[in-house]
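Written below as structure tokens is the structure these notes are about.
Note that the chains take the letters A, B and C in the order they are written out, and that residue 1 is the start of every chain.
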Amino acid sequence: MDTYVLGLALHPASSWVADKRLEEMVFDTAKAALDDAGITRDELDHVTIAACDELDGRSISSMLLSAPAGAYLKDEIKVTDSGLIGLCLEAMRIESGRFHLGLLSSWNKSSKAPFEDVMRMRCEPFYTRDIGLNASIADGFFARAVCDAYGISESDANGAVRASYKRASDNERGMRAAVPSLEEIEASPYVAAPLRKMQQAPVTDGGVSMVVCSGAWLKKHPHRRPLARLSGVAWRVDNYQLGKKRLSALTGFKESFQKAIAMSGLRDFSLLDVVELDSQTAFHEVAFRRALGLPDSCNVSPSGGPFAQNPYFCTGLVNAAEAVLQISGRAGAVQVKGTKRAAAHGCHGFAQQGNAVAIFEGA
Amino acid sequence: MVKQGSDKNENVIYGEWHVRYKYSVGKVAGKFFDGLKQKKILATYCDKCKLSFLPPRAYCERSFEPCSGWIEAGLEGVIEAATIVTAEFENLPKPPYAIAYVRLDGVSTAMINFVRGLDLSDVKSAAERLEPGTRVRVEFKDNPEGRITDFHYVLPTP
Amino acid sequence: MPKNRVAVIGVGETVFKNNIVDKTYVELAQQAAKAALDDAGLTPDDIDAVVFSMAPTQFMGVNDVDKWAVDLVWASGKPFMRVHTGGATGGSALHAGYAHVASGMYRTVLVVGADRVTETPDAQHVLNLIWDLFYEHDFALNTVTMTALATQRYMHRYGTTEEQFARVVVRSRKNALKNPYAHLKGNITVDDVMKSPRMSWPYKLFDICPRSAGAAAVVLANEEVTKSHCSRPAFINGIGGRTSTVFMGDRVGPFADAELSDEAEFVSAGKEAYAQSGITNPMKEIQVVELYDPFSSTQFPQLESLGFCERGQAQNLSDEGAFEMGALLSVNPSGGTLCSNPIGVTGLVRVADAALQVMGKAGEGQVAGVQNALSTAIGGSVQFVNCTILGADYI
């Protein structure tokens, strides 16, 4: 692959960005990414957006949000699956040879819309909606299934919650929430058993933009130093219909990692220095780790992952930004020294129906 | 809120979705709406492009820089585009009514609002009176509330 | 230059109707997917990746409906993404599919979508909600009124009459008689159009597209698969797209970058697509256009912006019969969007109909000697535009 990240920006994490319209939040982040890359909007030859109308609180939300994302009079395409899927499309647009310098943006202002009700409306109306699934309930099913499949105990899960918040507390880019005690976690109410409230990563507001370029562009601009090279990218969707196998086999998750690793030319996962996982709950965190069998030498979610910030729709792309920051030595207090290869994972849909993985290396 | 039912021999399931939102007003809209309460129309401008914008916005889409400041728009302007709505649409005002994009004096872009006080009984001749290039003026409500409907456009009295 | 050649090797469409009561949304998508696979001579296992085309889901009432459709379009276990650029979605989805293959990362892609615009009676209410709540929502902007505004402006600039637009409707409905999938079709007169109920000046009911349910799909393939499976593919030789500002008031007057009523964003999008495909004289080198035209007025500005004729000339060419099937330029031989508009997938239907012409599979509606065809898609208030050039040979 010959695709590079030239610059990036993360919007400050918040439980509710109250002082800006969504479009202002998007503009601030997009502009900051352009500044970070040292390029102007004029130089872009395309824009890619990843966003969700229902979470944005308006139909065809890109009508209002494409220009703040830098797309005025640019060739722009929007995907609706997740921020990290936006990176997948962006990578293909660059790899096609048709485009050379793009701005990718994704965001989440869940405070604006009734998050779980939006999720509930993802139920098909015939068999599921009357019974009612939403993100939490689907994750409750997921938790049950992976507990059985991977032998995960409540204590494993609660330990993972504390460990995640501990890592997150060092991350200046995150919410820096207090690390809860085991007692607090154990006492938090069930949301959808066996999932407890404090085992969920709270959804936050945020956004991320990245400037992405081709190797050909870099050759023409030799004074530019990219932050990282995208060496592998893969994504998979699983069945919509939930069931034991679908919930516990983590097929899409594993295949996305395997395919991305293969593309990057790495022999196996052990060569990854950092892996940022999209663990929406503690059960995801434990199950994902066990499914990949990562060695201890691999630092998993040094950023704290969604427990640092969870702008739900683009948490996977935030993970990608964190991975790039690690590669480029800009991760601050959570920097893992000497990071040469980092993977970022994102998931979306009911009980991680979709998964995507991006692998970065030093440029 | 879903019930099974029959509708003209078709097998259907009914559903409805009522959604409420809270939209942050943001840096710029608040000042604009406050201006309306004082019967002023405030536009933002971009120093780089030398353009001024209605609706006002925090940044310029073309230069991609934050807007430099505010100006007061003139209270007269020119119609750029107009239409007369005669069909009744769900959840929209009862027809007939006219709407137009008007570029107010001193502002680079046009802004939409109702055109009131026009006899709409003969649509074709009313449309002629709203041709692009026609000058109109702004008329404010007596007690503006800080919403875009605080003002509308009127044709100058002949 | 793209790294890899990309061709359409299979097309599937369903009949477009007001409502399709014997199939659910996902079953419709499956029907089109199957038809495209059969047309391409491929099985689901031969498909490497899937792109789903779907615009606002508020019409059919299931959020992220593409995820529900996964199980039925044989996408499970594959790379999958959904594209949404309003009405332009089908064209953008095609461009996303194109990137999958042109990048060399995937050999085959299924691009599929569906819509059921009448699943809700509140369609225009939904479309009113796309407008800025603070500044524009109160003014009853919806797709009809917003386009009416631009058309009033076009008429003022070029002296176009309502009758000239009506003639476009007459031509489209007549062409649609030869399209087994078209929703509206028939022999109507200019008088029929002029007498239909007034909606928003200058539109009458017949100037406006129907709300359709239906689905469409295309199979894209790389050079190797194309050579072994398709004797007459439609090569994607050029793509171009532009997104403009949501503020229509920025696109009128002396400071506009691209004039609203001219749909002038198509100028640069078209130029890029032409440069890619080596086309220098569209009118001479392109035989068929399948334009995205939900309103009778939108063919003229598109044709002019895409360089087929000078500004203000399209209406004269139209009156002279230059756009009839088999004439100087066959414009919307399928009947176009004026006759069928399953919004979430309409842009893909445009591509599909153009591809059928290039592949020689357009049946009764086939224009002779199609070497190149161009399709367009439009979303928002002509805010999102894209175009695709398909050719019988690769450039």
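Going forward, a residue touches a chain if its C-beta (ideal position, glycine included) is under 8 Å from a C-beta of that chain, and two chains touch if they have at least 3 such contacts.
Here the structure is a predicted model, which means the values were calculated and not measured.
Chain C has its Cα centroid nearest to the centroid of all protein Cα atoms in the structure. Among the other chains, A has the CA centre that is most remote from the centre of chain B. Set side by side, the interfaces A-C and B-C show unequal numbers of C-beta pairs in contact, with more at A-C.
Centre-to-centre spacing of chain A and chain B amounts to 38 Å, using the average Cα coordinate of each chain. With centres defined as mean CA coordinates, chain C is found 33 Å away from chain A.
With each centre defined as the average position of its C-alpha atoms, the distance from chain B to chain C rounds to 29 Å.
Those residues of chain B in touch with two or more other chains are numbered 15, 17, 23, 25, 29, 61-62.
In chain C, the residues that touch at least two other chains are 61, 132-133, 245, 257. The set of chain A residues touching two or more other chains comprises 67, 72, 118, 121, 125-126.
Against chain A, in their complex, chain B makes its touches with residues 2, 13, 15, 17, 19-29, 58-59, 61-62, 64-65. Residues of chain C that touch chain A in their complex: 1-4, 24, 26, 55-58, 61-71, 75-86, 92, 95-96, 98-100, 102-105, 126-127, 129-130, 132-133, 239-246, 257-258, 265, 268-269, 272, 276, 379-381, 383-384, 386. Across the complex, chain B is touched by residues 21, 61, 121-125, 128, 132-136, 138-142, 144-145, 148-150, 152-153, 156-157, 197-202, 245, 247-250, 252-253, 255, 257, 260-261 of chain C.
Residue ranges of chain A in contact with chain B, taken from their complex: 17-24, 27, 31, 34, 40-41, 57, 67-68, 70, 72, 111-114, 117-118, 121, 125-126, 129-130.
Considering their complex, residues 47, 52-54, 58-60, 62-64, 66-67, 71-81, 85, 88-89, 91-93, 95-98, 118-119, 121-126, 234-241, 251-252, 255, 349-350, 353-354 of chain A touch chain C.
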